[in-house]
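Each chain gets a letter, A, B, C and D, in the order it is written, and its residues are counted from 1.
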Amino acid sequence: MEKLPLGLVMELRNVVPYKTGSWRTLMPINVMHTPPCNHACPAGNDIRGFLRVLAESKDYEQAWHILTRTNPFPAVCGRVCPHPCEGGCNRRDFDEPLAINCAERAVGDFGLENNLQHKKLIDTRKEKVAVIGSGPAGLSCAFHLAKRGFQVKIYEANSEPGGMMRFGIPSYRQPNYILKQEIDNILRLGIELECNVKVGVNIPLDQLRNEYDAVFLGLGAQKGVSIDVPGKDAENVFTGVEFLKQINTGKWVDVGNDAVVIGGGNTAMDCARVAKRLGANVSIVYRRTRMEMPAITAEIDEAMEERIMFRYHTNPVKLIADEGRVVGLLCVQMELKEPDASGRARPVPIKGSEAFIPADTVIMATGQAVDYDGIEIQTVDRKWIYTNENLMTDMEGVFAGGDAVAGLETVSLAIGQGARAASAIEDYIEGNVESELAQPPVVFSRELNTYYYQPVKRYEKEARPIHMRLKGFKEIYPNLDRDDIFAEAGRCFSCGLCFDCGNCYMYCPDNAVKKSKTTGFYEFDYDFCKGCGLCAKECPCHYIQMTLEK
Amino acid sequence: MLKQIEGSHAVAEVVAKCRPNVISAYPITPQTHIVEDLASIVGNGELDAEYVNVESEFSAASVVLGASAAGARAYSATTSQGLLLMSEVIYCIAGMRLPIVFTIANRAISAPLSIWNDQQDSMALRDSGWIQLHAEDNQEAADLHIQAFKIAEETHLPVMVCMDGFILTHAFEPVDVPDQKQVDSFLPPFQPTNIVDPRWPRGIGLFADPRFYLETRYILHRAMEKSEKTIKKVSQDFAKTFGRDSGGFIKTYKLKKADVVIISMGSLVGTIKDLIDQLEDEGKKVGLLQICSYRPFPRKEVYNTLKNKMNIVVVEKSISLGRGGILASDVRWSFPRHEKKDRNISSFIAGLGGRNITKNDLRHMVEKVEKEPVELEFLGLKKELIAKKDL
Amino acid sequence: MMNQSAEELNKIEKKDLFGSGHRACGGCGQALAARLVQDASGENTIACVATGCLEVFSSPYPDPAWRVPFLHSLFENASAVASGVEAAYKALKKGPVNIIAQGGDGSTADIGFQSISGMFERGHNVLYVCYDNEAYMNTGVQRSSFTPLGARTTTTPTGNKTRKKNLPLIAADHGIPYVATATVDDFRDLQRKVKTALSIEGPKYIHILAPCPLGWGHPGELTVQVCRLAKDTGLFPIYEIIDGKLTNVRKIQTKVPVQEYLKLQGRFSHLFKKGGSPKVIAEIQEIANQNIERFNL
Amino acid sequence: MIEIRIHGRGGQGNVAAAELMSVAAFKDGKFSQAFPSFGAERVGAPVMAFVRIDDQKIRTREDVQNPDYLIVQDSNLIGSVPVLDGLKPDGLILVNSEKKPEELQLKTTAKVETIPATEIALEIIGRPIPNAIMIGAFCAITGLVSLDAVQEAIMAKFPGRVGENNVAALERAHEIIKKR
């Protein structure tokens, strides 16, 4: 038994601390949560991940590798993606969401300028996969499969790869050379590409099914659908898809003085703005109002900036032709009634409101469809390819993704589906029962302690002045200042992941939060933690959670 | 060197020669001359020490507590209300085993206010775990301080040197004030243990729950009892070095043949000795037993020396109200209950609040106890001042 | 005087010199404050602690939580004991060492008031840190002279009728070179003030608001948040007084009505129950407004 | 053993007088004891101080009951204070007064002496502090302590002008008595 010292004086170095951990009822634990940006990204990008790297280590290269883990098209998506991630960003409720899209573009461009290369995870394996279509879905699928070592061959009907990215997006939004470089990077993983081969026409699908262990269909929806009005077959009437394809393949189109674009989607906007750049006065004819336009707001705004005329509540009933050439449209005014199946207000013609609109060119951006030429496959109401939750079609070993499955959607969704299909295919080939691991819960802004964040102005990319834009097809957003991007990345809350603010460490009244000698991360010393919850309360990013004693 | 010197001044000079590092005090009559003199000794550079002028006795005691815990030889002086104000700290110092030395210029306690001498103040703190040494005259008062530091530092017990206020503190008489070399040779430099020092972090003044407190008090009590050895040894060594007796446990005067033994302590014993000589000339055999160390109480000595004395009278300058003579009860307790039931131990309270104690008063006391034992009597009580109902 | 670089002063210190294993309640503001103070001061420190919650929960034999020299004797004399330690170090030509007298509001402003005033007036080179939890918590939440208006304690069951004693200004009026107020939520600021104080010769006073979850009636997890509200309502102004000059006043970014502060705490709940006292709340708001005006928060 | 009692008012240097006489006696090789009988009173109030002189160690601590000598530093005290209490019948009383002893009409068999100490003090020291004169006179009358010893004691206690003045006053008083 320890004898009582003189005057009860103790050498403090010999003290054995009294363990207060037993007082605890709730215990703190570190839980990595899913940030809303990651959650909202159709391509499944680790957005928090690449932003933290930019913010903390100012390392573009690492950021590029983090992004391209999921998405081989950062430069393209950084330009064309409608960035739902920013819609999810928790900063939205604090000041303004992060300019994630710009950051992605900066990272993508850095990768291209510095010629960064993708790394294979598995070098090679014998299984072969055929990918049909080299759009975002097909290339993404091929990319992920190739990284996993599969022998991949892409069959492309067009003369060049890229699908809609190549032929559907005007170069003032996304210059061709950017796409080309990113595609080349992908192909460098050892992917074989054969163009000008239309599966179902030049090669039967069944042949591929026999030759390959699996097939991926990334057909896209590249067939323009025009509305059925008299005179629609005149030579100066295009579908949006045709029109854009011609321009993007460098063919000149004489649009004359007045070009009329029918439709309210992104394609319509693209067509209108292209026509404008070709020197025409352009108007967009749409049955409903701006509210119902499916196009991305930014696209509509830019179109308006570029002095495109918008005619709402207007519906063409007849194209007036003269000697096989359309000279104008007869349109009727519409009024909106109770919503239809699509949820949008149902337009109904107003009697006697017909009016004539002169036109030298008419572009019908009124819808796109899948080209099933020579392919027998189960569809959903004869429009889109049917797949199960693993993206497998009704044909054993045949998977599909992209617009052909999802309907008209974004590049990033197609990329995401391509990636999902790739792992589904891997599981299929390896015979795994696919095992989607549960995603950790998403962090909402009310769960954050925003006291520790400062309001900072959002980074805004600078568009070139309108008169310059309209001079040609040069990209309207010149390159971004990378140092500004560091600052922008610094605005990231790091929702759901420790960013070493040290609050738990400094605030624990019991010194029960220690810095790990090995990892440098904070960990709890449960011998002493009394479970007061102060650490969790003061954790800015909701990384610490109080749970019942285990 | 022998000087005709005021008691306070003699004490101040001697304390200074004990080389305290920290002195802290608050002025209170009749302690003032001691601390004034020490202040000037420090002020004029004769002593390299910190003199801390505080805002109360409570802080004075606290300052020396802190200083001692930090390794300083620490000293203070006070009396009466000052000592009572300190009492909380006084107990604390003992419990922390800090070797601090105090001078108590014994004085009465309010109310009513009295600045004059008796010993109720130090008596009030007799149970605090401090060694209490009582000086007979200024020579002893001075000498006891040298011994006190040595005793305190060897036993880790604080020491009060008690000297009667005014009667000694303000009296001029010859005192041999030893020179620095003598004192140094007798009192080695303070070698503190258990101090607060960042190089060896220690916890001082920890609190003890019921598992430990009882034992800490037992240890302290035993330490007080065991200090007897040190007190005697130091007194003997002192005699060897300085060639005069002072301190120790008890002293006696003409005790052997005495029929009546007077027991007392402090400056009163001087007057008693004169009386004893007078009575001797008149053929009466009276002796004296002088208590030098009141705490620890010399129970064994008292018993052994007075085994065969049947008529004992205790005269003291304090009272336990509602109980009687404090020293008297200590003396009575010194004799085993069973034996010598017919021994008389009378108790007299004298000189409270500075009441002059004359040889005649004491003579009256002796004559009285020669006739019959006295349970309790206030010596020189003026009954004429007391209303009947108050008697 | 100020011999430390700004960046040295602003560095956060975590040394666990007031270690784990103390018996404070979960979320104790005083325990947190004590660690921040000792860590800022460093190993070369002597802590002179007054009796009180801090002392009781941190210094039981045989397992005290202190890792720097610890000296405790009584409730009311920490300042005087520290004065003695300092005198000893001077006399013994030891040091330099950081001597920090510390205690709760009772031992500082009430029973220890004379002692601390003496220490200030004598000019000892000691830092006094008051952990202000606005009542006698050790003995079960009785009213002290730091108990704010309206607060319910076991000895003011219907709410305290008086305003809080303003010790920082009283300390400053002793003419000491450094006085500061701080709270546990801003550990950077708190530790900077401790270091600044220790870099100055003479008596220093730092007044730290240290919430007591038990006594204030809020969950331990809110300790930091309560401090913040105390500042942002204006009820607890943050400032330094260096050589008598008021400086470094913390500006309130967005002023918060006192209700938000009061509502979090059980000790004020009676003010909101029906038949509560809007008058008292208004007076508390008045106190906040006066602070805001007086210190230009 | 010789016992002396000094009566005076606060501020007249009664305690100092007692101290000086005891120190002087000590210098003369005798044992001596001096102590005040303080009151809580302030300047002007009646006070007493005691001196004992002997050839052996002095042990007793009681106030002087039956003085051999009385020194009264202020004649106004006579009547207001029982100065004569306990004075030995064959003792001596020295009073600070310009009157002749018999004019004081003291009811005592003891020898009475007077000296105008305050006048002399005012003349020589410049302040009405009679103690040095009283001591000087006392030495001259009783020879109990030597003049040299008192001079030494004074100079030791008050080095410099104050001391010199007091010594001068002391000597003057000594002469006056010797001349009688």
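The working rule: contacts are C-beta pairs under 8 Å (C-beta built on N, C-alpha and C of every residue); 3 or more make two chains touch, one makes a residue touch a chain.
Just so it is clear, the structure is predicted and the values come from calculations on it, not from any experiment.
Graph distance from subunit A to subunit D, where chains that touch are one step apart, equals 2.
Highest inter-chain contact count (C-beta pairs) belongs to B-C.
In this assembly, the C-alpha centroid of subunit B lies 43 Å from the C-alpha centroid of subunit C.
Taking each chain's centre as the average of its CA atoms, subunit A and subunit C sit 53 Å apart. The distance from the centre of subunit C to the centre of subunit D, with each centre set as the mean of the Cα atoms, comes to 63 Å.
Mean C-alpha positions place subunit B and subunit D at a centre distance of 34 Å. Across the assembly, subunit C contributes 60-62, 64, 66-70 as residues in contact with two or more other chains.
Among the residues of subunit B, those in touch with two or more other chains are 96, 201-206, 208, 212. Because contacts link the chains in a way that matches no line, ring, star or complete pattern, their graph is best described as other.
On subunit C, the positions that touch subunit B within their shared complex are 43-46, 48, 55-56, 59-62, 64, 66-74, 76-77, 79-92, 94, 97, 114-115, 117-118, 121-122.
Contact residues of subunit D toward subunit B in the complex are 15, 18-19, 22-23, 25-27, 31-36, 38, 40, 58-63, 65. Across the complex, subunit B meets subunit A through its residues 95-98, 156, 193-194, 200-206, 208, 212, 215-216, 219. The touching residues of subunit B, when paired with subunit C in their complex, are 21-22, 24, 48-50, 52-56, 58-59, 62-72, 74, 88-89, 92, 96, 196-198, 201-209, 212.
Only residues 2, 8, 10, 12-13, 15-20, 23, 451, 502, 505-512, 525, 527-528, 530-534, 536-538 of subunit A touch subunit C when the two sit together in their complex.
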